[in-house]
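For clarity, chains are labelled A, B and C in written order, and residue numbers in each chain start from 1.
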Amino acid sequence: MPHARLVSLALVLPLFAFVGVTFVAPLASLLSKSAYETRIHDVIPETMDVLAAWDGQDLPPEAAFAAIAKELPSARANRTLLRLSGAANRLQSGMRSLITRTAQRVPRTEFAGTWRETLAEIDEDWADVQTWIIIESAAAKFTLRHYLQALDLEAQPDGSIKARPQQERVYMPLLWRTLLVSLSVTLLCFLIGYPIAMLIADAPPRRRNLLLLLVLIPFWTSLLVRTTAWIVLLQRQGVINDFLVTLGFLRDDTRLEMIYNMTGTFVAMTHVLLPFMVLPLYSVMRSIPQNQLRASASLGATPIQGFVRVYFPQTLPGIGAGALLVFILAIGYYITPALVGGSSGQLIANMIAYHVQTSLNWGLAAALSSILLVAVIVLYLLFNRLVGIDRMRLG
Amino acid sequence: MRLRRLGQFGFNAYCALAFFFLVAPILVIIPLSFNAEPYFTFTQGMLRFDADAYSLRWYETLAEDGQWLNALVNSLIIGTAATALATLLGTLAALGLASPAMPGRALIMSILISPMITPVIIIAVGMFFFYSSIGLAQSHLGLILAHTALGAPFVVITVTATLAGFDPTLMRAAASLGAGPVRSFLRVQLPLISPGVFSGGLFAFAASFDEVVVVLFMGGIEQRTIPRQMWAGIREQISPTLLAVAVFLIVFSVLTLLLVEWLRRRSSSAALAKSIS
Amino acid sequence: MECGPAGLYYSTIYAYNRKYMGEQTPSSIEDFFDLDKFPGRRGMRRVPFANLEFALIADGVPIDEVYATLDTADGIDRAFAKLDTIKDDVVWWEAGAQPPQMLADGEVLMSTAYNGRIFNAQILEAQPFVIVWDGQLLSLGGPLAIVAGTPRIEAALAFVRFANRPQSLANISKYISYSPTRLSAETLVGTHLETGIDMHPHMPASAENMRRALKSDWRWWSEHRDELNERFSAWLAR
């Protein structure tokens, strides 16, 4: 290998390895968690070994009853029982207390000849095949059930997969809402951003710098500061409502509800993401020579014709860059909807956070994140093809 | 002609409104942080410019509150360490990527820059799972590593852009005058690309200083940073103290912005000077 | 969890701000769901817990039959149907500090809240808030947990013992209006440390405030939380 090549590789390697360990590895662990999990399996490993050979039609063999009768109390003793009971309860309400109660009672219950009879004495649900199907499914190492749930699908008893009933769908509507909001915000940013990028690009140098500053200040200002600003402006007793009441447009009891709903999410997101549209547009527009428009005018084109036929096509790369940047950022947006979105303004990212922090359903959170990640990677490749990632500029 | 002027006027008015939308929300915060009352709206007194309607009480509350000071210290520790690491690794990588001998340039670049394009919620969740499993969640070190990964792409991008204007014959000239590669890098190349390195570092610092999602998932009570503290404040109780913090952050961001602009001009004038000589 | 020491009783009640309330004032949980009588936005916590109970009581289910009703699919449908009647006017909160804030700002006309948060706003910030105790949901709170595998298990257990002494439990009420969980601590409740006011009228477990109260069934919730959270999310998203 030539020397120069070795040197350049050696220079890149540290960051490459660093990003691999601190960034790519976490994403890989996220992907694996969405389908592969040993923590629950390891609570009842012997039971799972026996169940591996079980057909799922009739009750499992006595060995399974014996194994679980041994493993549940010991899991209770070393405090791992909750992993299993929590996961099983998510599949069917009532499993939590069945498992907890059984773990408590096995040592205190008189042995009835077979473990099957002993467990059935503690709770007759143990004589139900369904209980075992849930245990096996909850503790399986490899599972696609998180993906099914994330796509609002459910497996039928006969093994086929069907969409859940309309009123029970949670994630697909949210995913659609997220896409719709991201698209609308992107469009809004384009409608607001295109003219001002044009104005800045056409301005004489001194004024151009000043106008650019007006875009860069919000760009650099903390996201939380800008979100706070919108709360201050939009809330019921906020600046805008007060202003309208003072002017007599509104009465005290007809104040507008502009925050803690979709309006809040929309306004604040557009404000936060607008600079990401303006800056790439501006850098493309600056490279378009102004005398082109004059040339088209001298050839008899009206200003509108000149704009549509000459200027606009040349700004397409900027539109592509800005739109994809805004869209990708919007689709994973968390902070702003969480703070100003109320309940109707929540997006998919907020649901992911909920399952990580509150419901502790990490498998589902990982599956939802993976779906989002795939969507973003597709967009990223598209972006790279259309614009080229190394042409990206900051400010 | 009249139609055209009308069109021009409409266009300008539209743009003025758009600029107003961009900047006004940020400006509104500043006077409100001096409100003597615990409200987020202009009192009658404030509108009359009554001196009594304004006060520094929220800034005093801020100064007395140990939590904010603590958060500032955390932000500075994490931000500085992450910036130093990101600048070092990012600059080296950019130098390597600039070499024409570099194989698979586009692919490597995409991977190095990917933390900037990935939705931060996914990064935060993945890091939370992974760093917990290796015992780095809820530690300063974990956050420093995370913020380094998030900040390094900024350094790579800005330094790469600066290097594009760097004349490689200068290095050959240095070598022909007897300087070793390290020496010619330190004496010739680094001074010329330093504005790019520095502004990349500033970007990385700002990214860390404003980062809240990863901190929210990975940080414990010991790692409360300024944005994390603001998050808690907004969620739980928006007091005008929060507006006082916001004003500090606005001042900070304007200063960083001016610094970056100044560096950009310096680097382009350096490139200009070089192309003339 | 099988069992554990709870540090206090807290109550989920609803409250309103006298400043924004007209002549007529609400006095029952039914009033909270009555948009005709009291038009205006309502604050509720964004979880099914407490909201389902309130909905059923307001819909006429006798207090001692609430959990039996919730145990049936029809009962849950009934609770959601009642919530449907006010859904469009609800502002959902997540942190306990939000309801007093929303009431103070007039963001909502009434809000469910933790009684201690409203107490603090009434007493420390002199907010004209009124708590409606009718239909309150009394719950065990402040349980202590010990991290598994801690090397300082003895010290941790000593703290649990200390925290559960009658005097320790009663001391909480010097700071905030939460009731002790042991009968022996009941008589030790006195006055608020900072302001010196009598705490008895503010205690959630007092006989006066318990006249029409429901004790939350944490066992029932530990079984059904996952299922209902999901249903609640789906319901919210619609």
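The working rule: a residue touches a chain if its C-beta (ideal position, glycine included) is under 8 Å from a C-beta of that chain, and two chains touch if they have at least 3 such contacts.
Computed from a predicted structure; not experimentally measured.
The most central chain, judged by C-alpha centres against the centre of all protein C-alpha atoms, is A.
Comparing the centres of all chains, each the average of its CA atoms, the largest separation from subunit B belongs to C. Taking each chain's centre as the average of its CA atoms, subunit A and subunit B sit 24 Å apart. Computed from the mean C-alpha positions, the centre of subunit A lies at a distance of 31 Å from the centre of subunit C.
We define each chain's centre as the mean of its Cα atoms; on that basis subunit B and subunit C are separated by 42 Å. Touching of two or more other chains is recorded for residues 235, 237 of subunit A. Among the residues of subunit B, those touching two or more other chains are numbered 235, 238.
Under the contact definition stated at the top, not a single residue of subunit C touches 2 or more other chains.
Touching subunit C in their complex are the following residues of subunit A: 79, 82, 86, 89-90, 93-94, 96-97, 100, 104, 167-170, 173-174, 177, 235-237, 257, 260, 342-343, 351, 354, 359, 361.
Chain contact summary for the complex, subunit B toward subunit C: residues 235-238. Of all residues in subunit C, only 1-2, 41, 46, 90-92, 105-107, 148, 219, 222-224, 226-227, 229-231, 233-238 touch subunit A in the complex they form.
By the touch criterion given at the top, residues 94-95, 97-98, 101 of subunit C touch subunit B in their complex.
Considering their complex, residues 2, 4-5, 7-16, 18-19, 22-27, 29-30, 33, 192-193, 195-196, 199, 211, 213-218, 220-233, 235, 237-239, 242, 271, 274-275, 303, 328-329, 331-335, 339, 349, 352-353, 356-357, 362, 365-366, 369, 372-373, 376, 380, 383-384, 389-390, 392-395 of subunit A touch subunit B.
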